[in-house]
Amino acid sequence: MLAEWLHPALVLAFGALPLAVLQGRARQVWQLALPLLVLLLVAGLEDGARVTLELAGLELVPLRADGLSLVFAWIFALILVIGNIFALQVDDGAQHVAATLYAASGLGAVLAGDLITLYVFWEVMMIASVWLIWRRRRQAAYNAGFRYLIVHALGGMLLLVGIIAHWQGTGSLAFDAFTAGGAAFWLILAAFLINAAAPPLHAWLPDAYPEATVTGTVFLSAFTTKTAVYVLARGFPGTELLVWLGVFMTLYGVTYAFLVNDIRRLLSYHIMSQVGYMVAGVGLGSALAISGTAAHAFTHILYKALLLMGAGAVLQMTGRSKLTELGGLYRYMPVTFLLYMVGGLSISAFPLFSGFVSKTMIIEAAAVDGRGVVFLLMTLAGVGTFMSTTLKLPWYTFLGHDSGLRPTEAPLNMRLAMGIAALLCFLIGIMPGWLYAILPYPVDYNAYTASHLLKEMQLLLFTGLAFFLLLGVLGGKDKLSLDLDWFYRVPGWRALAGIRNGLAAIDGGARAAFMRRFHAAEAWATHLRLSDWPLRSWPIGSMAIWTAVVLALLLLAGLGG
Amino acid sequence: MTPMVAVLIPFLGAALIGLAAHRPRLRDGIAFATPIPLFLTVVGLAVNRVADGNPGTQRLVELVPGLDITLAVQPLGLTFALLAATLYIVATPYAIGYMKAGGYGNLARFMACYAIALGAAMGIAFAENLLTLYLFYEILSVSTYPLVAHTGTDKARSGARTYLALLLVTSVGLMLPGMIWIWQATGTLSFSSGGILAGQVPPAAGALLLVVMLYGIGKAAIMPFHRWLPAAMVAPTPVSALLHAVAVVKAGVFSVLTVVLYIFGLDYLLELATQPFMLYIAVFTMLAASLVAMHQDNLKARLAYSTVSQLAYIVTGALLATELAAIGGGLHMLMHGFGKITLFFCAGAIYVASGINTVSGMDGLARRMPLTMLAFFIGALCVIGLPPTGGFWSKWYLVSGAWDAGHYLVVGAFMLSTLLNVAYLMPPVMRAFLRPPPDNDPARLRVAEAPPLCLIPLLITAAGTLVLFIVADPAYQLLAGGIP
Amino acid sequence: MMQVTDLMPFIVLLPLIAGPVCALLPGRGLPWLLATLTAGTAFVLAALTLGAVFDGGTLRYAFGNWAPPIGIEYRVDAANAFVALLITGVAAVLLPWGRPLVDHEVPERQGAFYALFLIALAGLLGITLTGDVFNVFVFLEISSLATYALIAQGRDRRALIAAFRYLIMGTVGATFLLIGIAFIYLLTGSLNMADLAERLVASEDSRALQVALGFIVVGFSIKLALFPLHHWLPNAYTYAPSLITAFLAATATKVALYVMLRFIFDVFGPAYSFMALPLSAGFMALAIGGMFAGSWLAILQSNLKRMLAYSSVAQVGYMVLGVSLVTLGGLSAAFLHLFNHGLMKAALFASAGIIAWRCGSVRIDDLRGIGRQMPWTLTAFALAGLSLIGIPPTAGFISKWYLISAAINADQLWLVILILITSLMALVYIARVVEVAWLQPRPDDAPTVTEAPWTLLVPVWLLVAANFWFGLDTRLTVGAATAAAEALAGGGLLP
Amino acid sequence: MNAVNITAKWLEALVKRGRLLRWLMLGLMAAVIVIDILKPAKYSRFPWDGIPAFTALYAFAGALVLIGLYKAIGYGLVYRRADYYGAADDDNDNASGGSQDAG
């Protein structure tokens, strides 16, 4: 079977290399051909495919395809096509290589059948993705990227230690649900949650994503957190903690999304919020919930990419990304606006759009479980999502007062990419059967019941009512909203610098003291040498006296004793 | 095919280089040629050892019964020898290219000492007992002294003086009496599986002996005897590469591993009161050196402190006293060797090509030297311990060993150190790839990749770190077979 | 077919006879040739003797067939055969080396010079081989007088003063020895060592015997330059002709040490010696003092030869330290170092002699950058220096190994630390020279020097090679030193 | 730019009919409420499933509460000057995203 030898992740990884040297049209062609090839390879993967391998004394399964992993493989391959179309005009080989490697590692992680392979791709993902931030080439991006790297390195180490603990505890490296508990369980969970941007381990995401390049953010939004959702679904289904953590995430995300001013940061907080639904879904753990999680990850990647492409297009064409500096762009970027709105309607689960068919699955799963509070809070988060993503952001960016900006419409390839994503959002929205067919568990769920429709319309319409009533006070504030990254950006950094300075002071002090003594001794020796004392010959008399003294002492001691 | 041949080839090469001192072409030819038979010999020894389990023990001199100079091929030593012989092949053209491009003089002395250092490293690798190891250890210290002081400037001399003083003071002052003590107590110095001290030396005395021996091996650079390493940075870069990746520091940690495994023995080690103490000193070294490395602007100084930190990984691995950690230590010797030599090669190539030797000066350099910086990036990944480089495997086993031993603080320290590694190895990469080059600096525009003799070796070693990720299995099997 | 026993006296007689002949020979070449041949023959004989001793135990030869204790007896066991081998070996290597230096330093009357050399050699060998205490005194005077004269031949005016000071001190030492011997003779009526050993047991209560021991020990301590009685040595070594410096440094103090040990262990017996006088504590204190003072003063010197001379004071300290442990191991270590130090100092002074000849100066500051110009000489110096420091695989390392072993065995761990500290001090003063010579640039105004001819280099490198050879193959040295220690300690009185 | 212009024209037309859209929306709101009241609840999993127009009320009240909460959190806790972490060097991109590879 071909796909067992052509691991899609490896094909993609090696396929990334030519991007470093190809130029112009050739690069663009390869940039499209490669993801399509990978899409074909993923299509060729059969449920149940497996490749095993022995490395450094360990039994590895670099490829394992089953229902859960294939959903993610599909969407990863798909978003790579869309993202590459969006990035077609960017003339920066490093960024393309990074994006492709990043996608490769994401694919590799979801296809990994053992923990080592997972770890390998996990770390490659970190290394590749940070370049998408750094290639923005601004000081803020360097710093944010660095923080991103450090947080993920920490996550990677937690994962490594967790894997080791799991390995030593159970003797197995297979990547299945973790049931053993103990330190391994918590370490791996913590590592996964860092990548899933679950509070309090989330601050890297809204910190770094808005600083990434316009095209980079699109990829970033797709892979890291969704890989985390996949591994959570694989490793921790039905973990009660995750239900509450997920619910908290949804609300935390929408709250901060409302507070921030940068449109891409706003959307980044919404990634967090949406991933919260998925984390909660994993926590619920029922077949419906897991399927809903997979479905929501699928649709989320599409609509979030679409939203970020829209925001990125605005940033690219205007050079601005703050709500307070934007406004009235619909005249100049009408296509972007419309396509963005498709994404907005999708994320807020507007009927006929993709979010509706997936998000409601998770909420329904909570309802089926009889979890009233979870149900209500998730619904409330939906209110917040609709308000900020679909109403506030477009209102203050595309409509509202005229900011005086006169950009042109985004380039064709960008619009094309957004168009494809929007089309998929819409198609999934109206024909969810295609999506449901590839879910890990067969689902008996219909989003389009009258009851669902009615409730969803009530929710959205009255949220809109409240929004427009309070429109006057909802505009962006040109402020910075502190998040938990404050702890490592301010006191943590100071503590580190303090320790370093303390160590340097001790080391320097000790060295200086030693060298002082040493130089003093050296100077003394030089002085002695120059002073002729050690060079002087002793007079014969003193030699004789010494002789007498030695003899006398010897005899005295001997005779006296 | 005996270990003696492997030891002799570099010495012979050094002698020939000395004789051909006034014929540059011949001299370079010999310098180029010497590593090849050496490498083949070591590979031959490895094949013999792996295929027939034949240690090829060779007693050269017997001083008194129980005290002899003997060579043998043991798995751990074979790993070290393979590392050194392989890197020697790439280091030689690099050294010649670098020294010529940099306009250094006295090449015959330089190359001869280089070869002698490698011969000494071979001797250390194939030592069958502590005395033999000590013998070659001292030869290595002395033969690298002229290399460090090569330029002969005041700064170089003072650095070289610190270098030699610390290495000799520790080895003569601590290792030698420790060794004699061991000999007095046990009547043998042969390395044997499970150690020779158990039942011979009471744990109270063994505890003191452990401290004496670990600090006696100054080349392992455990704080506070690490100063020689940054001091030796005054040397030309090929020497730094030799010191920090191939011969000297690896000889140090190899000695630590060997002494811990085959003199003390892991079980006995655990009885010693100072084992946790030394373990945490090593852990402290690991973290403190990383912290210091973070604010070194001089690239080579940063790499030197990084080496101090990485050596402490291996010492920690040895002192954790578990099989997994010891394998991890052995693997890290190998992996760090490849990673660090790549970094030093890059630092040297950058210096030769552009005259830049600071991290802050590297802005935008990747546009002029993309291949070098790519290799630097890969080398950095290996040193950090990230896949897909070989560094991952060593970290895997080190952390496994720490976890196995129940030293969770050490596990935490490995994690923290990884973060610090990222924090000091990534900024040069970031600056080179991302920052715009300094404006109005016409000199910078003329910078191009270093000469091929410098460039090709560093690409090879960088590729080596990636290859080692995939072919880690033989190294693992070799080490696992030799560690009790 | 002559027996080795019959040949053995010729080790002494040959140079003694050849000496006067030499004085009569004209020119430069012939005296040198005769001296060299004599030394070479003596070396061969000494080697044969050592072999015979290993095979057959103690060799005895009574002069004029007068049976001891009346007649003078030569009595050779492992201890003195070993020392004789060192003396003749060093002489045989140094003479070919020294010829151009002698031509340079002693241009006139070389016949007399080589004659004195041979007589000094004969004296040292006589001290070593004789079994008669008065004979020891006689040979000591013979060698000393010849040595004074040789030192006075130095080109520097100060050589004369140095020789005079040595003469005074040497005479004091000889007088002390004579006083001691006189006491013994009065007590026992015998002068034969073996005989004395038996007879002295009867007088062990006598104060006079204690005094005799004291005088003898102090007398020899002067000759072996034990701290603080070493003051004659630096000047004598510094201003003597290079050949003489190298020869004396390698042999004279060693012979004094050997013969002192012979008295302490054989004549008086260790049980008595160490009980009657606090020799162990005294030796230990003076040895440590010498190790530190010698090393320290060596570091401070700016004259290469003087630095090496002070280094000798320190090295004598090691040997005496070994003795002071009063164990078989300690004594073996002392003998081992006696031999090895002879080798290393010969090599060092030989290279220093070449440097003095080619550079015209032995001030360390004048040696800047000569490593490049005289690579072979300076490399030899550096390698011999390694031996002095005790870096393996050199003879010095072996010495240090046994000395430290002995200290550990005697449960004197603190001594180990002191030994190591002084070894590192040796590192400082050797490294200083190496660094100046190799790593500092030659000043522009300094005269250009050229490498010495191979005739000088070969002997120096032979000595260096010996340092390495005996650092690896220690069968001869360790075996002989152990045998020597056993021979001296005799009845296994030592632990 | 043809497609873009047509879209822009459409949007312009929509914006001009803003009042009409508003009435449309209000009508829609009234409709969903009325339907919800008339139509019996399908589920009775939760106590509130039986309350007519519960979701509408919940959404409206929830939105108001959330907005109040945001304001409180923002002004009470997390708002800082925009340059709190040090001044950002250049706040606006030079309009070409990642493609200013000028070197």
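Lettered A, B, C and D in written order, each chain numbered from 1.
Everything below uses one rule, namely that a contact is a pair of C-beta atoms (placed from the backbone, for glycine too) under 8 Å apart; a residue touches a chain by one contact, two chains touch by 3 or more.
These numbers were taken from a predicted model, which means no experiment stands behind them.
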Chain whose Cα mean lies nearest the overall Cα mean: B
Pair joined by the larger number of C-beta contacts - A-D, A-B: A-D
Distance between chain centroids, defined by C-alpha means - chain A, chain D (Å): 26
Distance between the centres, which are taken as Cα means, of chain B and chain A, whole angstrom: 36
Whole-Å gap between the CA centroids of chain B and chain D: 61
Approximate Å spacing (C-alpha centroids) for the pair chain A, chain C: 78
For chain C, residues contacting two or more additional chains: none
Sequence positions of chain D contacting 2 or more other chains: none
In chain B, residues with contacts to at least two other chains: 436
Interface residues, chain A side, partner chain C - complex: 525, 528-529, 534-535, 537-538, 540, 542-544, 546-547, 550-551, 553-555, 557-559, 561
Residue ranges of chain C in contact with chain B within the complex: 386, 389-393, 398, 400-401, 404-405, 408-409, 416-417, 420-421, 423-424, 427, 431, 435, 438-441, 472-475, 478
In the complex with chain D, residue positions of chain A that touch it: 89-92, 95, 135-140, 213-216, 254-255, 258-259, 261, 312, 315-320, 330-332, 334-335, 337-338, 367-368, 370, 372, 375-376, 379-380, 383-384, 387, 399, 409, 449-451, 454-455, 457-467, 470, 473-474, 477-483, 489
Complex contacts: residues of chain B adjacent to chain A: 224, 227, 288, 291-292, 294-295, 381, 384, 386-388, 392-393, 395-396, 399-400, 403-404, 411, 414-415, 418-419, 422-423, 426-427, 430, 433-436, 470, 472-473, 475-477, 480
Touching residues (chain side chain A, partner chain B) in the complex: 54-57, 94, 116, 119-120, 123-124, 126-127, 131, 134-135, 137, 142, 145-146, 149-150, 153-154, 156-158, 160-161, 164-165, 167-168, 496, 499-500, 503-504, 507, 510-511
